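The two complexes that follow have chain A in common; it is paired with chain B in the first and with chain C in the second.
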Partner chain A sequence: MAETHRPPEQFTLRVRRYNPESGEAPYWDEHTIELEPHRSVLEGILQAKARFDGSIGIRCSCRAAICGSCGVRINGEPGLACHTHLDAARASAKDGTIEIEPMGNMPVIKDLIVDMDAVHWKKIQRVTPWLLAKQPTPEREYVVAKDAMVDVTQTMACIQCGACVSDCLAMEVDPGFIGPAALAKAYRFVGDPRDDRQRERLVDLSEDPQGIFDCTHCFKCVDACPKDVNPMGQIMRLRRVAISDQHIVDANNGERHEAALTTLVRDYGLLHEAELVPRSYGGNSWFGKFHPAAGKELLSLLPTAVKAIAKGKIGIKQALLGHKLAGADLKAVQRIYQTVESRPERYELNLYISGEDE
Partner chain B sequence: MKVAYWPGCVSRGFTPELHGSMARVAPLLDIELVELNRANCTGCGVIAEHNQELADTLNARTFAFAQQVDGAELMMNICSTCQGAQSECQERLDSSAEYRAQVNQTLAPEGLSYEKGLTNKNFLWLLVEEIGLDALRAKVRRPLTNLRVGPFYGCYIVRPRKRLGIDAERPRDHYLEQLIEALGGTVIEYAGMRKCCGFPIVTMNKEASLKQAGRHLGDAVDAEADCLVTPCPLCHLNLDLQQPSAEKVVARELRMPILHLPQLVGLALGLQPKELGLNRHVVRPTSVIDWSASVVGAAA
Partner chain C sequence: MPAHDVLIIGAGLAGQRAALAAAQGGASVGILSKVHPVRSHSVAAAGGINAAISLDDDWHSHAYDTVKGSDFLGDQDAIEIMCSQAPAEVMHLEHIGVTFHRNEHGLLDLRAFGGASMKRTAYVADITGQAILHVLYEQLMKHHETVDRFEEWFVTSLLRDERGVCCGVVARDVRTGAMEVFHAKNTILACGGAGQVYSPTTNALIVTGDGIAHAYRIGAPLMDMEMVQYHPTTLVENGLLITEGARGEGAILLNSEGERFMEKYAPNKLDLASRDVVSRAEQTEILEGRGVGANKDGIYLDITKVPRKRTLEALREIVNIGKDFAGVDITREPIMIRPGQHYIMGGVKTDSDGATPIEGLYAAGEVACVSVHGGNRLGANSLLDTLIFGRRAGEHAAKRALGMPMPTTANGQLNDDVAAIDAILARDHSGRRVSEIKRELGETMNQYVAVYRDQEGLDTALGVVKRLQEEAERAYIDDRGTVFNQDVLGAIELGYMLDCAEATVVGAIERKESRGAQFRTDFPERNDDEWLKHIDLTRGEDGTPRVSYSPVTITQWQPEERKY
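Right, the complex of A and B next:
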């Protein structure tokens, strides 16, 4: 029989408090609230606010995981306070006390409220988040092929809660990185068949040193997102379209790095590490290393390389020749490349849309 | 146990001490390694970024070789990045029979075919889930007494949680701590232990990349770790090989030795630092740690 009702229980919340205007340092506050275990962390915070301390700052609106207002960190992980059950939060707590902090990578306005305008919305504005329609626009509604919009539905699920921004590891060291939410938004228009500026958008995002090639591929945003938007996956799609379809060669080595790695695996079967760096800087061929940009980088790496060779970490033969699969296996790998890359259209299985068929 | 063993590229290239130490440690744990020496690079996520089907087919080829190994219980890797890249492809391959058929058609000329349901585990997962920490503890000949070890996982082996099968029953994102304890060492927790080493963007934004490495190493220094241990050779490149450059970016001395996972296990199982290639690192653990005092503890 399904469980229908569980009586209220006590939960202790440890809330991070901070008021920048007070001039005092942040501190932790603890309150014990009483609610049914399936109720949300947000309801817990609101009860603490109503019963014990009306000055706790928290932003919320819909309480149903739609509006994206109540993004916080619960036990160190970003999420929506209204979308996290109290019992689940207690289970993931270090010591049984549910720890609630403001989101990261954004300045705190007060307690659990962060300045979304200063970071998140500024970055969203950066990617021109509206349709730049093909001209002439139809007199009435646009008619697009039935499945033409399927590709962008995943990014359209974003509720702008900022959880991915909070957890972004690239932004942690490079605050100017456009970031997961805004780049997912960018794909929403790059992938829209009605948009007229796909190439311009991609050139812009590829050439920006803090654009699509500044993502460090750490999967943090994938786990942070409460709506399964997979922002990192959208960034990879932006790279794929920029490089493979638009053939944009950027100044950040993004295109050259991808081309070099893909070509080296085709030509060697295994990764030839020593060739990867010069080709990423100087161009995707054996001659890449003679390009001035590659020369400069190789020169800066020289002390590291000398050290590694002196310590026997890397053999000279290994550094120069790399490793290679045997003839028949290499041919098999190259046949795979040929078969897949000669398809008229690139095939992309998106599990968000297709789901699992078995 | 017999495993189909995928060592990866970097473990046989720029971090040869990783593959070498694995080969030394395996017999002590009764692991028979059948090396998949015909298999190709996983593409480290970059080929998937270029063309998903290409990455999926290349990895399906490796999976098919693994499934041909007679008597092997599973496939094992020693690289977080290989694990992550392969898990991503396997998730797609296992989700659709139609897609799998298309991929297998490309593999057909070689007489290969991937059947759904291969088990592919990093050495770390295999140690905890197959060998077991108690069995491992019983094999320890030289407990890592008083050695303060910080875990460094690498992103690809801790995220995304669902794809990698991490949950309350299999807390794979806590295995390194459990392992360090089982080997008799002291676990040092620090802010960067599950963060990114910065390696994926080292050619795109070197400053940001080395700042990541430098910060995590600095956190570990502040937490008074003697060394870090990582299951990822790419993290090792940014944390060890690039450490002198990272020191310049974060403007502080770090001198933090980075051990590969099999090296740490090997030390506890009684192997000598040199046999495990510990003298080959840029930050030599042999010169930073007094192995005679801190590793050979009272219980030895």
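Right, the complex of A and C next:
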């Protein structure tokens, strides 16, 4: 049995402050608090508020990582203040002082409080966030598979804290991107067997250039999520259902890009960059490069290619002919394809559905 | 200024359900909350929702269990309404999208819960409240054209016209500091309990008794405020809740001798006796020196009895709470818990349509006392209470609004509230900090108005509350701004909490018997001859509570000895 009582220690918090009424720029403010090391950063902030300065602004309520109010950045990483231990936060601080800032990608209202309506909730509303249930409504419950319900419960577990939105790199570049939280919410309906508009939802999110194919697959949201919702994983599942099950052609060329990439890896064992663009745009064969759409795309990428060659990142021969694995290795790669493609159903890994008993 | 047929204060389960029902009934609806709706404390309800949906169950059995759980203080007409309407309500939730856990046949799965004679608790892992709250919010977004949402607005007063009819509220936009009058033909309080009166508590920081104080201040009676539930399994570390679902799934309680002590206290239901019984048993073990931990003030909850796969799937949240807040892997070792403040059975007195004795004012959810919980609420009956009586209040208020003119009022109350806030902002630093007073209040209540109570302790508590009320008048804050001034709201909330605390202590002093959550060591027996009645408290001219009584409604179940 773990004895968790450890004596209180001092921790210094460096809080990003901003008062919209002062006309002053944001600044840093430091307070030293005293708490047991396994207490949360939120408890530290609340102590600073109670003892030294009640004007520090932070939304908070449950203290137990369930209400989703206290999303902040701690030492540059997004998360819940109530879900981060003081000792862990001090260990990850660059100079031993725990740095607390408001979340990113959303305007700051005051101190650690951001405008979630302007970004997060607006995007949630974009995905028609309610069940469009199959009709007629049954007298009792809809009869659905147990695993299907546990599966969508993973996205239902999202507490709308905004941590994933805070650090979404795609949204930083393209603020119009629907983003990880809202797309995870979309999966909650697409994956729900009671919903009657799954194809329409997927067509909508595929044809929107800021939809599911705007995600750059960077994993930031997966790391940020305090509830294991795995937003990027949900986006990838939306893509797989859209492409493989519904055969939807998207506005970002994502479906053709994926086909070209998987074909190239199967044929070469490695990615053949020079072939990827022409095949993605001109058709998934060696002849793709002669299609006008491919020519246009290749032309636009020419400066990038020239720069890469000039800097020695790729050779001209490699750029044109690509690289290929040796025979045995290539066969091993192709065996993976055979195994996966011979399965009657696609495996969907959902860590929320737990494994076998020990 | 906004004007609605039905204005709802609070956007947890009761409030959102009321809003949707009132909109369905054709009313114009506004819903106003001091936090974003999905931050409401309903989100923390873990274990599930009770309904007799199993084919071999019967709502009468659910009703009897509820009556017995209430220690016969619950009003049986209201309990019959709640339990008989429960199955349809759960099916409604399922139809609008709640992802209830299924059994192998694809039907709703049910788990065991405390005080229930069979498995009748529908659930979504151990995030049932969150799942229902978020699905209701999906519905609010869907119905955005008929329900106006005022998110992050803080109510400072209820309004009454010259006839004493409630006709809206004064509220402050938290984001801008702007104060506004909201006119309404009907106002529904749905803003939760008062857990922050205690420290520690499982309740969120926002649960400060706002609605109870608002109603009390305009003359509505409070009922059974002494009935405060201590949940048997709260984390020793910081008071966070470990769901009763853990024991429902098979976890057991052990004392320092490794003894399953519930065998002594509740030989039939054991660890799944009603909450008051289990909390008292734990407290007795601790007082008699059989507690665990460094201070011997805890009890072990052993969840390792539950198959690991099942724990990871159905009790996921407490796996995380154990890991994150206590450093314990609950699938491998027991976790240290103890009884902690969790719920108040008392609240604003209402009838079974949620109507209070003040015309135009309704209450539903934890803020209200219908009373379906009486002296002790059963686990997984609170979600049901919020939804059934939230819906009924919404429907009734929508009907009452038909053909009624929109009330108007003068700006007197608005001006008073603006002045009161300005006065708080202007206080010098000669008094105590709001946070200090709040801490002393919480610790006092947890010491003297807890699982075991007696006259001397309650008198002490009342003295402290009175002193703190005076100190709160001069308590100071740091923030002088208007944008998100949480400091000034905290000072106002402190006043709400002190009203609730006073009512709780006065009720506990008044009830000279032991029933449900109220255990008086100086009156250790239940006394049906004298105390089978509700205690109603109304605010007197001098600001202190006036006591009166009302009868308990008994329909089919006569009081009997309560054994688990």
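Keep in mind that, in the parts below, the second predicted complex is superposed on the first by the 308 of 358 C-alpha atoms of A that agree within 3 Å, B and C clash if a C-alpha of one lies under 4 Å from a C-alpha of the other, contacts with A are read in each partner's own complex, and residues count from 1 in each chain.
Everything below uses one rule, namely that a contact is a pair of C-beta atoms (placed from the backbone, for glycine too) under 8 Å apart; a residue touches a chain by one contact, two chains touch by 3 or more.
Only a predicted model underlies this, so the values are computations on that prediction, with no experimental measurement involved.
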- Query: Touching A:Asn253, do we find chain B (first), chain C (second), both, or neither?
  - Reply: first
- Message: Per the contact definition in the header, classify A:Gln135: touching chain B only (first), chain C only (second), both, or neither.
- Response: neither
- Query: Touching A:Gln10 in the superposition: chain B (first), chain C (second), both, neither?
  - Reply: neither
- Message: After the superposition on A, what does A:Gly269 contact: first (chain B), second (chain C), both or neither?
- Response: first
- Touching A:Gly57, do we find chain B (first), chain C (second), both, or neither? second
- Query: When the two structures are overlaid on chain A, which partner does A:Val144 contact: first (chain B), second (chain C), both, or neither?
  - Reply: second
- Query: Which partner does A:Gln160 contact after superposing on A: first (chain B), second (chain C), both, neither?
  - Reply: second
- Those residues of chain A which chain B touches in one complex and chain C touches in the other: 354-358
- Message: Per the contact definition, I'd like the list of chain A residues that touch chain C in the complex.
- Response: 1-5, 19-21, 38-40, 43, 49-51, 53-55, 57, 59-69, 83, 85, 109-111, 113, 116-117, 124-125, 129-131, 133, 137-146, 149-150, 152-153, 156-160, 188, 192, 194, 352-358
- Query: So in the complex, which bits of chain B are touching chain A?
  - Reply: 9-10, 12-17, 38, 40-41, 43-54, 56-58, 61, 84, 91-92, 94-99, 102, 106-107, 109-110, 116, 155-156, 159-161, 168, 195-196, 198, 200-201, 203-205, 207-209, 211-212, 215, 241-242, 244-245, 279-282, 284
- chain B partner, complex, touching residues on chain A are 91, 169-170, 172-174, 177, 209-210, 213-220, 222-223, 236, 239-240, 243-244, 252-254, 257-258, 261-262, 265, 269-274, 276-277, 280-281, 303-304, 307-308, 311-315, 318, 322-323, 325-326, 329, 332-333, 335-337, 339-341, 343, 346-349, 351, 354-358
- Which of the residues in chain C end up touching chain A in this complex? 35-36, 38-41, 43-44, 53, 91, 94-97, 99-109, 124-125, 127, 130-131, 134-135, 138-139, 141-142, 151, 175, 204-206, 237-238, 240-241, 293-294, 300, 307-310, 312-313, 316-317, 320-321, 324-328, 333-334, 336, 433-436, 439, 477-487, 490
